[in-house]
Amino acid sequence: MFSQQIVNGILLGSMYALLAISYTLVLGVLNMLNLAQGEILTAGALVACAILSAGGSMPAALFASVLVCIALSLLVEFFCLRLPRGDTQVVTTIAMGMILQNVYTGLWGSESIKFRGLSSGFAIRISTLEFNATQILLLAITAALMIALSLLIDRSRFGREMRALSDNRTAARVSGVNIGRVTVLTFALSGLIAGISGVMAGMVFTSVTAFTGGTIGDKAMVAMVIGGTGSAFGAGIAGIILGIVEILSVGYLGAEYREIVVFPLLILFLWLRPSGIFGKGRVERA
Amino acid sequence: MNVYYTGLFVTFLINVLCALSVYVILKSGQISVGNAGFMAVGGYVAGILSTVYGLGIPASVAAGSAAAALCGAVVGIPALRLKGTYLVIGTISFTAMIRSIAQVLDITGGAMGLKGMKRIGILWIVIFAVLVIALLFLFEKTRYGLDVEAVAADSEAAAAAGVRVILIKVLSFTLGAAIAGIAGGCYAHWTQYIEPSDFSTSVSTMMVLPVILGGRNRIAGAVLGAAVFTILPELLRFASVWRMVIYGVLVIAIVIVKPDGLISGRKRHA
Amino acid sequence: MLEIRNLSQYYGEFCALKDISFDLGENEILGIIGQNGAGKTTLINSITGLGGRPSGTVRLDGTDILGKRPDTIARLGVARTFQNLRIFRGMTVREHLLVAQNRKLSPGRKLLPNFRNTEDAGVDALLEFFDILRFRDDDAEGLSYGDRRRVEMARALAGSPKLLILDEPGAGMNEQESEVLASQIREIRERFHTAIILIEHDMSIIRACCERIIVLDHGQKIAEGSFEQIAADREVQRAYLGEEDA
Amino acid sequence: MKKLLSVVMASCIALSLCACAASPAAPTAAPAETESGYKLGVAIPLSGMGSSAAKMELVGITMAVNEINEAGGIGGKKLSFETVDTSGDPKEASNALRKLASENVLAVVGPHYTGEAEVCYPIGDELGLVEIALACSMPGLSDGYQYGFRNIATEDQIAEKVLKKWVEDYDIKTVAIISDVKAAVAKSIGEDILPGMFADLGVEVLTLQSPVTYQTGDVDFSAQITKVKALEPDGIALGSLAGDALNIIAKAREQGLKQPFVGTAPLLEGVLDKKGGEDTQGTYAGSAFCLTPESEKAQKFIEDYRALAPTMYAEVSSDPLHYCANAYDAVYMIAEAIEKQGVSGAAADVKTDRDLIRDYLAGLKDFDGVNSKGFDENHSGIKDIYVLKIEGDQWVVVE
């Protein structure tokens, strides 16, 4: 049973990893914490769920979810980053999260909606462990995303501009980085990831509610800090570690101990190493 | 005053205390989105003292506030190392930790919450609120108030001028936490039932929004913000399901139009 | 008054200051000159505790202040201005001086609501001295560049320091203003009994005020002496006029 | 000048807000407020978690009020009601209660949840205002309150009948219990009621030493299902709300668990039958209401509901749940109290009217309602319990 719990931990962890990656992009590059990110994921999940239950195909659902999430991310970028002044950005993203969550409860109500996932019975059995199609897909996508993003950030021109912006905003502007373009693209990218994560969440948890994104969002934020800002790889690994820690504490201690384990871990990191395990970004401290 | 308006008035007073607790910390340049955690400590300690140990309500609210102040100092010291976004994450996770502790312990009633507190007199809540406002008003007139403003403006330059920056920052956190503790104690004895989910992250943000909305550099700003935040939900009751959506849109609109809040004038030192 | 022995400062492998030593007597005005990036500001940042982790020894009137927190050092009587103007946003000129004065008051006095009281006399005199009394209750942020520099100097002096460090106070001043500044600096020493460390590019101010001058180049002290001595020093010429096969 | 402008602007905003607050929100879908009528209060969570159940309750209340008024009202006077949304939050519920009290309502139908009732019952006693809560089935909740009632059977009454039938039908020897640790009523079912009942029935509870728990609204149940799978029980019992139950059962089936599930009243609140599909077939639960009742009064209620519901809310389900019947009967019980006690309804003697209603309801044991008979000495609802099972996409009565 222990090994199966580890597998459960990895699967839950990769959900946190996916969202943590989209968090760390925005925070790493623009030093802005988008607390509405969880709710954007929910939008993706709900849209995909609606399309699937209306008989649409999986690719159609995935495409629609990504489209909606990118649109919402750009909305957040405009109303919560570009317009308001520096220190009120935190407040505006929280307000945006509140708006989105209540729109979902308004439209879809507060019940959980069954997510018609992959119907293929395909599964791999390794000794006692069993991975069904959804779980394999999730692991593949998480790994692919972590590698792709790390390459993007380290190798591509856009990645270099993102890193320049995250190191020193004024220096970046002076050396010709088009701040506006990079900001919008970073948000669009995080929207893309949120869209994919939304569909994955639906498949893994087999049902979606208006509150799905919120619960994953809090944990993803923890993973992002522990993993290290601006490092997709770090966020990914930390997300998975967090998933395992949570599943084991729920499995062996009981559900009420779940937060007790996760949040002190975060505070320890914030205190000792705010830049996280793989943190590249220079962390602004007192 | 009939029953409904007294209920609303008390909610207003508690919202004022909550807003002021964020105001005091924000005044020293630190934004804390975790004051619901201090409020929880204040509420639970006061609740337990008055139900299990039979302490008088005002005394237990004061004790709850002291316990919250202690937490404020404990959070304030590591907070020195964090700025902006990281302080927000740190304070959010502090509240989450307090919530999970309250959920596990038996003395706090776990997930079922703490009940049986007797009703606090409205007069006592008024006294606490007026006391806090008066103290803050006077404190801002003193030279320490000036130090706080300097630290918020530029902590390095303030240090170079001899201001004890670390003392001021930790003091602000402690004071803010104490005020949130009072709010928690009053809330616990007014609704006579508290549970961990009463102190969620969204409650913390509901404590921050009034200060940013009303005006973060004037006590009057925080009080006005609290008034707007008490009356708005009652006004929007007709919109039931879409109430919170309008609420959120309003907040974003005001923050963009009036970044300094409704009252943004500076107060001069006599 | 101030003893500095082999003060060094490394940021990672980059060596910002290397083995700098010099003394400063009571009421002496010491000039520090050098090209941009020579390490002038890094030096005074290390002395006033705003730099990284310097090594070596810095003693003020016998007490070791290296590595202490900036506010502790300030309270020991060291005041400074900043090269890039650190004005308190949203505070009046008078409030700037009151903040610096606060460190002289006992905690008890600081808790009294400060109605019009005697400390104000000191404030007004300083504002008068720097000719900015008329801006007394205006927001300091709104003043002209030169006036904001004077506010910084007034703030530094409001805490009645033993040692005043001025970081390019003359930057951006015309001929006439520089002369006024030079005379003010000399008068500060007499009226406020402070030793002064003056970092400046404007040689006219340096010549007018400083008995002794230190020249920094690439984080090292390459010369020390009176204005005439360092003007004649070959090393200084090489540093200033660029490589030249002497 | 700029400062003056912002202060003026601030004060006029504050003023306009206070002015609007004075006029309470307009009542919804209620017949016009006649001068000499009887006025009831309704406090249900129209927004937030319980919104779909609350909409059903409002349909039931509106049906009862319309029927009474069409039949000539009470002694010729019309009945009306004012609705306030509690959004399922105890603090809002207490505000709503105080608001209704200030409107001189004679009694309140609501609140909905256990958490809300725990806060509102002490306030109801303090204000002297009868409350008939609709969906808080935790045992002992309304004990000792004078004005606090609830028109719902307690969990232990329901569990007793359901478990016995479930154990017999599926020949259960060992059971695993999955229990919520957050929602009060689900937690008390999972931790206090189920273990004891199973012990009395001679069924071994495998999760006694290390309980399998989760928190309301969790998104992932893989850890819990893996643990239960390893125990290999004959059946699985749920101390859960409907939403979580749907997720748990779906996850269990996905991991290959075939065992039958059992729960109590909360399982009926959600859409376990409609949305469960294959996964939830054969799941047992209990309630004080079913869609194929014998009494024609209940059958008429269901038909009337199906007629009125679509006109009020597009997305509310066409099958009424027991909350709807609880609310419907609550209105009739209050109306009966008004009639039998000669309540005047005038603003002057609202205090005495409220006490008359309380006294009547406290002694009401023989009420002929759709699914209500009155209140026991702890003010909990007296109901006959039906054992239900999911067949197809419906809860059907188990003979």
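Going in written order, the chains are labelled A, B, C and D, and every chain counts its residues from 1.
The rule is simple: contacts are C-beta pairs under 8 Å (C-beta built on N, C-alpha and C of every residue); 3 or more make two chains touch, one makes a residue touch a chain.
All values reported here derive from a predicted model rather than from experimental measurement.
A.B. asks: Using the mean of all protein Cα atoms as the middle point, what chain has its own Cα mean nearest that point?
C.D. replies: If one averages C-alpha positions chain by chain, the most central is B.
A.B. asks: From the mean C-alpha coordinate of chain C to that of chain D, what's the distance rounded to whole Å?
C.D. replies: The answer is 73 Å.
A.B. asks: Can you work out the whole-Å distance between the CA centroids of chain B and chain D?
C.D. replies: Taking the mean C-alpha position of each chain, the two centres sit 34 Å apart.
A.B. asks: Cα centroid separation between chain A and chain C, in whole Å?
C.D. replies: Once rounded, the distance between the two centres reads 49 Å.
A.B. asks: Suppose each chain is reduced to the average of its Cα coordinates; what separation in Å results between chain B and chain C?
C.D. replies: Roughly 41 Å separates the two chain centres.
A.B. asks: Provide the list of chain D residues touching at least two other chains, using ranges where the numbers run on.
C.D. replies: 47, 51, 181-182, 215
A.B. asks: Which chain A residues reach two or more other chains?
C.D. replies: Residue numbers touching two or more other chains: 102, 105, 256, 258.
A.B. asks: Going by the touch rule set out above, which residues of chain B reach two or more other chains?
C.D. replies: Each of 103, 110-111, 241, 243-244 in chain B touches at least two other chains.
A.B. asks: Once the touch criterion is applied, which pairs of chains come out as touching?
C.D. replies: Here the touching chain pairs work out to A-B, A-D, B-C, B-D.
A.B. asks: Can you check the complex and tell me which residues of chain B touch chain D?
C.D. replies: 2-8, 11, 103, 110-113, 115, 119, 191-193, 195, 197-198, 224, 227-228, 231-235, 237-238, 240-241, 243-244, 258, 262-265
A.B. asks: Under the definition above, what is the set of chain B residues touching chain A in their complex?
C.D. replies: Per the stated touch rule, the residues are 31, 33, 78, 80-86, 88-90, 92-94, 96-97, 99-101, 103-104, 110-111, 155, 201-202, 205, 208-209, 212, 241-245, 247-249, 251-252, 255-256, 259.
A.B. asks: Could you list, by residue number, the parts of chain A that touch chain B in their complex?
C.D. replies: 27, 31-33, 79-80, 83-85, 87-88, 90-92, 94-96, 98-99, 101-103, 105-106, 218, 221-222, 225, 256-260, 263-264, 266-267, 270-271, 274, 283-286
A.B. asks: Applying the document's contact rule, which stretches of chain B touch chain C when the two form their complex?
C.D. replies: My answer: residues 138, 141-144, 146-147, 149-150, 153-154, 156-166, 217, 266, 268-270.
A.B. asks: Contact residues on chain D for chain B in the complex?
C.D. replies: For chain D paired with chain B, touching residues are 3, 6-7, 9-10, 13-14, 17-18, 20-21, 25-26, 46-47, 51, 84-85, 87, 90-92, 94-95, 98-99, 101-102, 115, 118-119, 122-123, 126-127, 181-184, 187-188, 215.
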